[in-house]
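Everything on this sheet refers to the single structure shown next.
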Amino acid sequence: MIIMKSEATKEEIADVVKEIKKYGLRADVSRGAYRTVIGLVGDESKIPFSHFAILPGVKEAVMVETPYKLISREYARMSEPDSDHRVVRVGNVEVGGDVPVFIAGPCAVESREQMFRIAEGVKKAGAQILRGGIFKPRTSVHSFQGLGAGGDEEAEEALRWLHEAGNAFEMPVVTEIRGEGQVDLVAEYVDMIQIGARNMYDQDLLTKVARKRKPILYKRHFGAGIEEFLSFAEYMVAEENKDIILCERGILPLGKGRSYSRYTLDVTAVPTIRRETYLPIIVDPSHAAGRRDLVFDLSCAGVAAGACGLIIEAHYNPVEALVDGQQQVTPDELEEIISACHAVHEAVRHRKNRD
Amino acid sequence: MIIMKSEATKEEIADVVKEIKKYGLRADVSRGAYRTVIGLVGDESKIPFSHFAILPGVKEAVMVETPYKLISREYARMSEPDSDHRVVRVGNVEVGGDVPVFIAGPCAVESREQMFRIAEGVKKAGAQILRGGIFKPRTSVHSFQGLGAGGDEEAEEALRWLHEAGNAFEMPVVTEIRGEGQVDLVAEYVDMIQIGARNMYDQDLLTKVARKRKPILYKRHFGAGIEEFLSFAEYMVAEENKDIILCERGILPLGKGRSYSRYTLDVTAVPTIRRETYLPIIVDPSHAAGRRDLVFDLSCAGVAAGACGLIIEAHYNPVEALVDGQQQVTPDELEEIISACHAVHEAVRHRKNRD
Amino acid sequence: MIIMKSEATKEEIADVVKEIKKYGLRADVSRGAYRTVIGLVGDESKIPFSHFAILPGVKEAVMVETPYKLISREYARMSEPDSDHRVVRVGNVEVGGDVPVFIAGPCAVESREQMFRIAEGVKKAGAQILRGGIFKPRTSVHSFQGLGAGGDEEAEEALRWLHEAGNAFEMPVVTEIRGEGQVDLVAEYVDMIQIGARNMYDQDLLTKVARKRKPILYKRHFGAGIEEFLSFAEYMVAEENKDIILCERGILPLGKGRSYSRYTLDVTAVPTIRRETYLPIIVDPSHAAGRRDLVFDLSCAGVAAGACGLIIEAHYNPVEALVDGQQQVTPDELEEIISACHAVHEAVRHRKNRD
Amino acid sequence: MIIMKSEATKEEIADVVKEIKKYGLRADVSRGAYRTVIGLVGDESKIPFSHFAILPGVKEAVMVETPYKLISREYARMSEPDSDHRVVRVGNVEVGGDVPVFIAGPCAVESREQMFRIAEGVKKAGAQILRGGIFKPRTSVHSFQGLGAGGDEEAEEALRWLHEAGNAFEMPVVTEIRGEGQVDLVAEYVDMIQIGARNMYDQDLLTKVARKRKPILYKRHFGAGIEEFLSFAEYMVAEENKDIILCERGILPLGKGRSYSRYTLDVTAVPTIRRETYLPIIVDPSHAAGRRDLVFDLSCAGVAAGACGLIIEAHYNPVEALVDGQQQVTPDELEEIISACHAVHEAVRHRKNRD
């Protein structure tokens, strides 16, 4: 839509209309007492709005349609009326179906024994998918970066432990990649590839991962608007991979003074995203909280808001964990969380016309 | 705590210690290989840290203790070991007790008939306290500002309608004040006075309202950190009024692109605030959402996160509401919300050691 | 403007048009291939957009015009073509004219002697207006709140010191009020009344101060968008007081990790606000920085960006200042800042077509 | 530093001290009336603070030292007392020296003729380094992504045009890379490699680029805190490449309502970063503004705040530019900007003890 200045001349309006036609669209000119508004009729994506914004007489040139189309429910409904929600299959687990899914495991893979012990614990607690970090994104180059930092051989060994622990306890597995160099190796060993918050905007990486044709766990950046998040998810669907699970993991805390949590869980994003796209969305309470004692409350809040699942960091001995010990829960705590979340899900699922 | 620069001299350290003593505190000097840290022993509030921050040799001068003490659980526990939570009585309703409390009513009082009809509807839906706005804070001076804008007489009439509707359906009532000039009048007619988000920082107003000795519903500003919110709540408790109900109502949305909700409900604030203070906290999903279709999900999320109650805008005919029609729910929708919230509360209340 | 859903029926469109007419406006209906857009012709402020947003078939109902009109340059130009900028007279000083104006003085008035000594110093340094805080807004109730906290008599004495120091060194004076109870008293003694950042949204206070018919120094809240800031300024101009000086004083810092300054000076706001309104805008580098060593750089940046002046906290002995010592500069430093700012102003003023 | 809870027992304190020793550091225990604080003596980077944070009796475990050391001025001064600022040589141009440096050119390389014509224009206007985008990061997959999107051959041709235009007008050249796959190719043709805001956190990419031993133009992410920005710059210096030029390009706008600029230029970051690191910092007014009419003001503000240079998008015909036409200036406007910036630099450079 092109909004003209109040003082725009007839000639300026005519020039804008002429320019729109060049791009193969039609123009609907609405002349009012205060100003003229020109609606674009046709595919707005052909229009370089920044170009129109500086034509003489133009006040604002804005796209009304959302920048993401392929992932939108509105778009999906045009072709298939009942395609409101997509169920993503990770191994034999369905994400986005009738029951919430719980992904759990340690922040970082530390040893074969650690992985097996935790896998056993989270399975017993009710988790369906196993996680374990091998390439850890870290703020400081001086911090532990995961076993993946030890070179290809060490990385592959850690991947094997994760894979085997998943096999042993019948859970598909997921791990995060952080750079293009890790995609091929990781894809061989896991059922789902995670793209972390800090790589959300990394369009070359998104494209490369999407082409692996595996499910992708895709986290929102902590400074990203929802529209940006969905627009970048579109990069993967544009590669014809629709097995994308979105994940809200907390946004930047706001305001002066001390932070009581590492991030602010944007629980509002859960129902708004559900109304925009058919892709399932889950919540990561562990990174949002950064504190073990908040994980229960944020987990229940996420499920209550309509999340299709949770990803929770768990360790049998958080004090000894090499990374993020302060936010990992024990398998016992995880069991309590999963049990409460199922009850919460039961409490809210009978809503009429949820979205 | 005073952190000295690495190159600070012995003389500079000695001067800082001397200065601390002037204020009646003691200093613990810890000399390390990199730098010296001086801990303050005694009441840190006597120390002007900004003054210390510019003494020669000082790198940082920070208060370790929180700026709020009177409202803190830690403080309360010193005198009374079991004073973890305060139950605030509003009329005959207990906020902060065993069951969640629902405050509901129209955004704005419009007429006697409207108030009675809505009061009947929300009572039937399960609400325990009745709300209705008379002095509406508005961004634009060109918008409807509530019946209170019509002068004292009209304001008093609207207050009477609210009061009578509350009486008729046995609900205590709450309304917002926006300026010092409204405090006396409002206090005559309501059981609880609301201080809205935009007045959160208004310390003169807080003091004046607190002295009325009525329960206060105190909303967090949408740009305020939690520490600020609690620090300003301290202004009211400093007037010896502990009947404060805190309310999270959404913070500024983050990130580029279009906003899908009016604000972002900071659900993380609910459990963090519960761990800091004994004052009860409730959630306002209506203003956070700004969209009727999100109120159910955000309500359930708030209760799941541990909120002691909700304040929800309701109207029998939102399309005709003079203010904020797009976020008000009908009594029928409210009933569904309250029912789901009770079930959610039941699902999470059995957590061991919640806080 | 009303944007209809793509699936909106003819009847729904007709209903919207009918509804618009009820409010005395005309509708321009633009039917496109994707959707229909209805432009409002007439005074959009009569339209309750929230009401229209929930009519059947409506996707979005947005106001195209800004919520502030009385203060807008566009509006002012309609009646008077050359009314691009307003010069506000504070005593005999012109703010918004050809040269930048410097307001300086201590954060807090402490004594008669202190005020006279600082007044002399800032006058010599080149300042034209004298500031001094008597009612200090503070985050913690446990902090020093200014001499105004000592009661009416003490407040009046402090106001007299400020007034006399201004007289003695031929500078008009400004002080901040924080609540409605201070307006009458303060107005007797000062040439300009300051409304601080934390009271920005306080519409009852704005109205009361505006009616005093004195110039007002009006600071942007640290969490407020520019549109909000200008919309609330409109409250004062709606009282027919156009002597408003806007002030940018820093917004909330963004991002994780330690803050290196108290706030982030939003220097971008200076030229954008200049293009929206004829009211002059100045910058407060002291509160934005919260650190004395940044004041020079931020002052020069503010003037380079087009600010009409600066308000700077100054004290002959910042170490001894009772409030905010760490951000106050000495008169010598102030002189250096003012001198550099005049040179910067000279460097940028010859731009063709600045706004 | 480890801050213990007020109720911590002697045993808990002793356990923390014991644990610190395990990591090869010493502990200074300061016992106060309220609490005990344990200072770490030695290299704090060996300490997993998250591990300490959950030991019994611990209230907070925080690192006092910054997470970046290699790039810090404090650190640099220990070995070389006069190493306050680093001059980065890009071809024959010095960034961080006595005069501000101007990098200019089109947002996107479009053709050989376009590059030569713009190179000639910006050279004449006073620019010293030529920029041109080939791999464009874009929010929407439906937008033009630069000539680099056409495949390796087309990308190489565009790089050659950029290189040749630089040669013809004696300017070193810079272009942005967006993924690991582009690093080798780009490094062959340019004098400096740009890492854009959206890749700021991409540690694998940073490492790969740093190893090319070319100067790097490194932009701050729009949601990143300064500490994060510097911590990630440390990843490149850890690869022994100190030729890093930092760039502030605007942060997320804050607050409700319409945005008047694309981002908010964080001019406060310029002097704070200068005080933390010896690496030079420049400013990008074009992306911060997103509007051509703000570029002059923001450029002058950046230089006034102490920036070592600017990077400005320029095009002889912004209306026809394929990307970001609304923010590109013409060579004539650029000349006016550069001329004003030199005058501003002259006005502020004589400050005593700038940092």
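A, B, C and D label the chains in the order they appear, each numbered from 1.
Keep in mind that, in the parts below, a contact is a pair of C-beta atoms (placed from the backbone, for glycine too) under 8 Å apart; a residue touches a chain by one contact, two chains touch by 3 or more.
Quantities reported herein were computed from a predicted structural model and do not represent experimental measurements.
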{"item": "Chains touching both subunit B and subunit C, listed by label", "value": "A, D"}
{"item": "Maximum centroid distance from subunit A, chain identifier (CA atoms)", "value": "C"}
{"item": "Geometric centre distance via CA averages, subunit D-subunit A, whole Å", "value": "27"}
{"item": "Where subunit A and subunit B are represented by their mean Cα positions, the distance between them in whole Å", "value": "31"}
{"item": "Centre distance in Å when subunit A and subunit C are each reduced to the mean of their C-alpha atoms", "value": "39"}
{"item": "For subunit D, residues that touch 2 or more chains besides their own", "value": "67, 139, 222-224, 228, 231, 252, 254-257"}
{"item": "In the complex, subunit B residues that touch subunit A", "value": "66, 223-228, 231, 250-261, 263-273, 275-276, 288-289, 293-294, 296-298, 300-306, 336, 340, 343-344, 346-348, 350-352, 354-355"}
{"item": "Residues on subunit A engaged by subunit C in the complex (per definition of touch)", "value": "1, 3, 6, 26, 28-35, 37, 39-42, 64-65, 74, 139, 222-223, 252, 254-257"}
{"item": "Subunit D contact footprint on subunit A (complex, rising order)", "value": "45, 48, 50-51, 53-55, 67-69, 137-144, 178-182, 198-199, 201-205, 208, 221-224, 228, 231-232, 234-235, 238, 252, 292, 318-327"}
